[in-house]
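Take a look at the structure set out below.
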Amino acid sequence: MGTASVSVVFWQILVDGFAVSSLYALGAMGFALIFGVSGVLNLSHGALMVAAVVAAWAAGDQLHVGPYTGAAIGIAVGFIATLLTYFIIVSPLLRTRKIREEEKEIFILTATLLWGIMIQELIAYLYTNNAKTVAPIVEGVMSIFGVRTPKNELFTAVVCWLVIGGLWLLVNRTRAGKSVLAASMNPRGVTLLGIELSQIYIATWAIYGLLVGIAGVLLGMFLGVSSYSVGPLTASAFSIVVLGGLGSVSGALIAAYVVGYLETITAYLISPAYRTIPALLLLIVVMYVRPRGLLGRR
Amino acid sequence: MRFSSAMRTLLVLLVVVVVASFLPLGVSGYVLGLLTIACYFGVFAMAWDLLFGFAGEVNFGPTFLIGTGAYTAGILDNLYQPPIWICVAAGTIAAVVGGVVLALPALRVRGPYFGLTTLVAVLMLQNYVVVDASLTGGEIGLTVPDVITISDAKNYEIALWFMAISAAILFSLSRSPVGLILQASGQDAVQAGALGFNVTKHKLFAFIISAFFSGLAGALMVFYLGSASVGTFVDITVGVQIIIAAVLGGRRTILGGVLGAVFIIAMAEALRPIGDLANFVVFAMALVVVLLFPSGFFGLLTRAKEGG
Amino acid sequence: MAKLEKRALFAALGASAVALALATPGYAQDSNTFKIGVIAEVQAVAGSSIPQAAQLAADEINAAGGVNGKKIELVTYDNHSSAAESIRAFQRAVNEDHVNAVIASYISEVVLALEPWSGRLKTVMITPGAASDVITQNIAKDYDNLKYTFHGYLTSTSLADSTCAAAKDLLVGQLHMKSAVVMSEDAAWTTPLDAEYLKCLPDAGLNVLDHIRFSPDTTDFTPIFNKIEGEKPDVMITGISHVGVQPTVQWKQQEVPIPMLGVASQATNSSFWNDTNGATEGVLYQAVSGPDVAVTPKTLPFVKAFKAKFGNFPSYAGYTSYDEVYYLADAFKRAGSTDSDKLVTALEATDYVGTIGRIQFKGKDTSNPHALKVGPDTITGLMLQWQDGKQTNLWPANVANGKLRFPKFIKIGSAN
């Protein structure tokens, strides 16, 4: 076995796990926000993130732009794709009279799943299913707690937390944000205040689009994605959000760290091959014992 | 009145199947191969529809049941080479057991949680297959030493009549008193319970039937292809295609599942000349149908009756 | 159901059936051509070269008059990296399109699924890229049934031997390295690869400290690199194909001070530099071909023609596919017939100088019948390194066009 000391491994797990969890958190919080406000489980989540990454990569590879521009393009594409998802798929289904209310959920699930797969196929067709990475904005390594860490990893965690902080400010301190928060608790009540529900939806999806774009680009810089990542990314966000409690954004944040660290610890101490299994087992236990999740409301 | 309309439908089904069984006389082996797959797919879709359309449970993991049946049959054949029908029987039983194991936690939760449970089941099966590669073939896939037959025509007839019998059973079930109770439970479990029906027992029953047919069809398909792999039997994408087939055909019609399956496979073939984009286009078409014609093909056909 | 619905149902079913029947192009039985089916993963970087290179070879042969008075015709099928689709494609190719032989896939999983079908349908099948030893071991166990399969690429064992030979000269001979960790993805082709590594590396002078296999779905390689670094080997010997971009990029980002050498099939692609944004600088990989490396007199003209026609360099599977069309045509010429059994006999007697070396197949009484013969007289393989955006060959010495060099973060001799 290796000669690395226990403390080195401990700090490695701490640092690596933190970066991974922060990324999970960003994506999962967006997913939770959408469900909390509009009751939609967007199964094209992974596809939107991958679209952002591939756009950033393509900008760098084919248009030869610098890392900042590439990242901006990636975020923009993720944002636009998310809004397209809302306008083309989700909004029409929410409004249609051809489907009974109880069945809308299933149709939205199926339609977003289909949409996600379409995006996945398109990406594979245009750019092959090979993994893509985005040129990192920050290069080089530094030492954190004695662990040699790419500066990019620190950058990822910092950006994630800046965005999370921004989200908190938005939701708690701005009028628009507060309406979104209110809508997540009581959609009908919000309309009584004279606020159009559809405007809130658009605002929420716009926020989600930004989260997806940023999370995607960061993921592309940190680990890279391929068109195969679409399914696992969606499943991961879904699991985290259920764990945290469907509809609870703060629950998603906490759950993301739980899952991120579980995976990292497994990869380091047991085997990289079994990385995803403990998180899945935890999910099963939670669903059996406390289906509401950690902080679930609905 | 209701029974005789069901009888009429079954009669039509029988006529169609008898006509279809003459196809090998004029149609190429390749098309027969496609139709064979379409028949098995149709059974997957019908089994799914029973659970969803009637019991109202969105099952994202039809491939959990199918995969369990397919892999059990395949692994058994690989290890001991018993006669094929024993492997198929074993696969079916395994799928039913899997269905019960899945039903127990799944039936305690509602709505999206149920969907997630089924999704998690598929992920766990996938993980297991990949990790226990020495038994299951892992990412490689499993090659079984036996196939039922290499004759296109015989494989087709087997699949066709299997599909027909499954359709008849599932359809009759859906129109029987049990099926009506299922439908009631699916649409309003509380009321159904208030009327004195044991909702959980009926849903469990639906699970078992769905698992039975899914596993049986999966096992048979393994011995048609001569191999099993995650990409063919377990992957979420396959599950999605099954759901699409059922939804396209029309929820709660059972038979619509076959139409949907045939449509998807026919479309994918017709689009082959455009190469890689074929999948994309098929999914796009499915999306359009879901958005604009949510009642599916059968829904379109019967719209006159139900009034939209 | 009312009459209207009955008719509608009939119509729907009938329409579908007609659509299906029409969807199949009617290939008349054309015995004026020698037809080769090509089943490949067209969307994958390595797979896309297979039909392209095959077409190039077919066009060249036809321009020179064809073979036995017949032109070569190719029929391509995209299998979307799926074994099930490959099986259907194979069935279609034989039953519907009446091909005389099939060139199939670079994925071991797919080839293993197709192998029994080549026996059931008695059609010759050659793979241009899969590596698993099991393919040819199966032929040894059931020759009469499976003799139609030929392994047109190096087996994993041969790949390991080629790597060890290069490692012995470059790492032990030049850099005096002493220890290694084997790192490979958990897949069919790496099982015999790793087994051979564990035998031939010590023989080459490298003590194997650990052997790590990771899931091909891995996206975060940090734990793996950290673990390996903790064991302080001089080099990481790789066996990767399904992954490539991610471990390479993360290796560079984390500045892991240990070099990587071994089998990394994605690194053979000319686009790999761009794919990794240059992170592959210093990575050493085994290959059967490399840019500007004249393995045989046929190599460079092939590359030039391929680049002119398709705009990019061929993947490793392109070289082998090109050769396969040629020696299939050659076997057809010698057999004088398209009968599969006669083709098999003719193929077994192949002695053809292709783009990767001299092609000869091992005989039916060996443990790997129909595998390629490997050695200084047949095929040796090469060891290349990415340097400044270019793939530079370092071994064998007689076709080397550069010298070993590593990025700054690599510490040679860090085992202290």
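Labels A, B and C are assigned to the chains in the order they are written; within every chain, residues are numbered from 1.
The definition used in the following text is that contacts are C-beta pairs under 8 Å (C-beta built on N, C-alpha and C of every residue); 3 or more make two chains touch, one makes a residue touch a chain.
Model, not experiment: these values are computed from the prediction.
Visitor: What's the minimum number of touch steps needed to get from chain A to chain B?
Guide: Minimal hop count between chain A and chain B: 1.
Visitor: Which chain has its C-alpha centre farthest away from the C-alpha centre of chain A?
Guide: C
Visitor: Between chain A and chain B, what distance separates the C-alpha centroids? Give it in angstrom.
Guide: Averaging C-alpha atoms per chain gives centres 32 Å apart.
Visitor: What's the distance between the Cα centroids of chain A and chain C, rounded to whole Å?
Guide: Result: the chain centres lie 36 Å from each other.
Visitor: Specify, in ascending order, the residues of chain B that touch 2 or more different other chains.
Guide: 131, 276, 279
Visitor: Which positions in chain A touch two or more other chains at once?
Guide: Residues 124-125, 273 of chain A each touch two or more of the other chains.
Visitor: So which stretches of chain C touch two or more other chains?
Guide: As it turns out, chain C has residues touching two or more other chains at 43, 81, 186, 215, 217.
Visitor: Please give the residue numbers of chain B that touch chain A in the complex, ascending.
Guide: It comes out as residues 52, 58, 60, 105, 108-109, 111-113, 115-117, 119-120, 123-124, 127, 131, 187, 236-237, 240, 243-244, 247, 251, 276-277, 279-280, 283-284, 286-287, 290-291, 294-295, 308.
Visitor: Using the touch definition from the top, list the residues of chain B that touch chain C in their complex.
Guide: 5, 8-9, 12, 16, 20, 23, 27-31, 33-35, 37, 130-131, 133, 138-141, 143, 145, 147, 150, 152, 225-227, 229, 231-232, 259, 262-263, 265-267, 269-270, 272, 275-276, 279, 297, 301-302, 304-305
Visitor: Once bound in the complex, which stretches of chain C touch chain A?
Guide: So the residues of chain C in touch with chain A come to 43-45, 48, 81, 186, 210, 212-215, 217-224, 226-232, 243-246, 249-250, 253-255, 266, 274-277, 279, 409.
Visitor: Considering only the defined contacts, which chain A positions touch chain C in the complex?
Guide: Interface residues on the chain A side: 1-4, 8-9, 12, 16, 20, 60-61, 124-125, 128-136, 139-141, 148-150, 152, 223-226, 228-229, 232, 264, 267-268, 272-273, 275.
Visitor: If you look only at chain A, which of its residues touch chain B in the complex?
Guide: Within the complex, chain A contacts chain B at residues 41, 89, 92-93, 96, 98-99, 102-103, 105-107, 109-111, 113-115, 117-118, 121-122, 124-125, 231, 235, 238-239, 242, 246, 273-274, 276-277, 280, 283-284, 287-288, 291.
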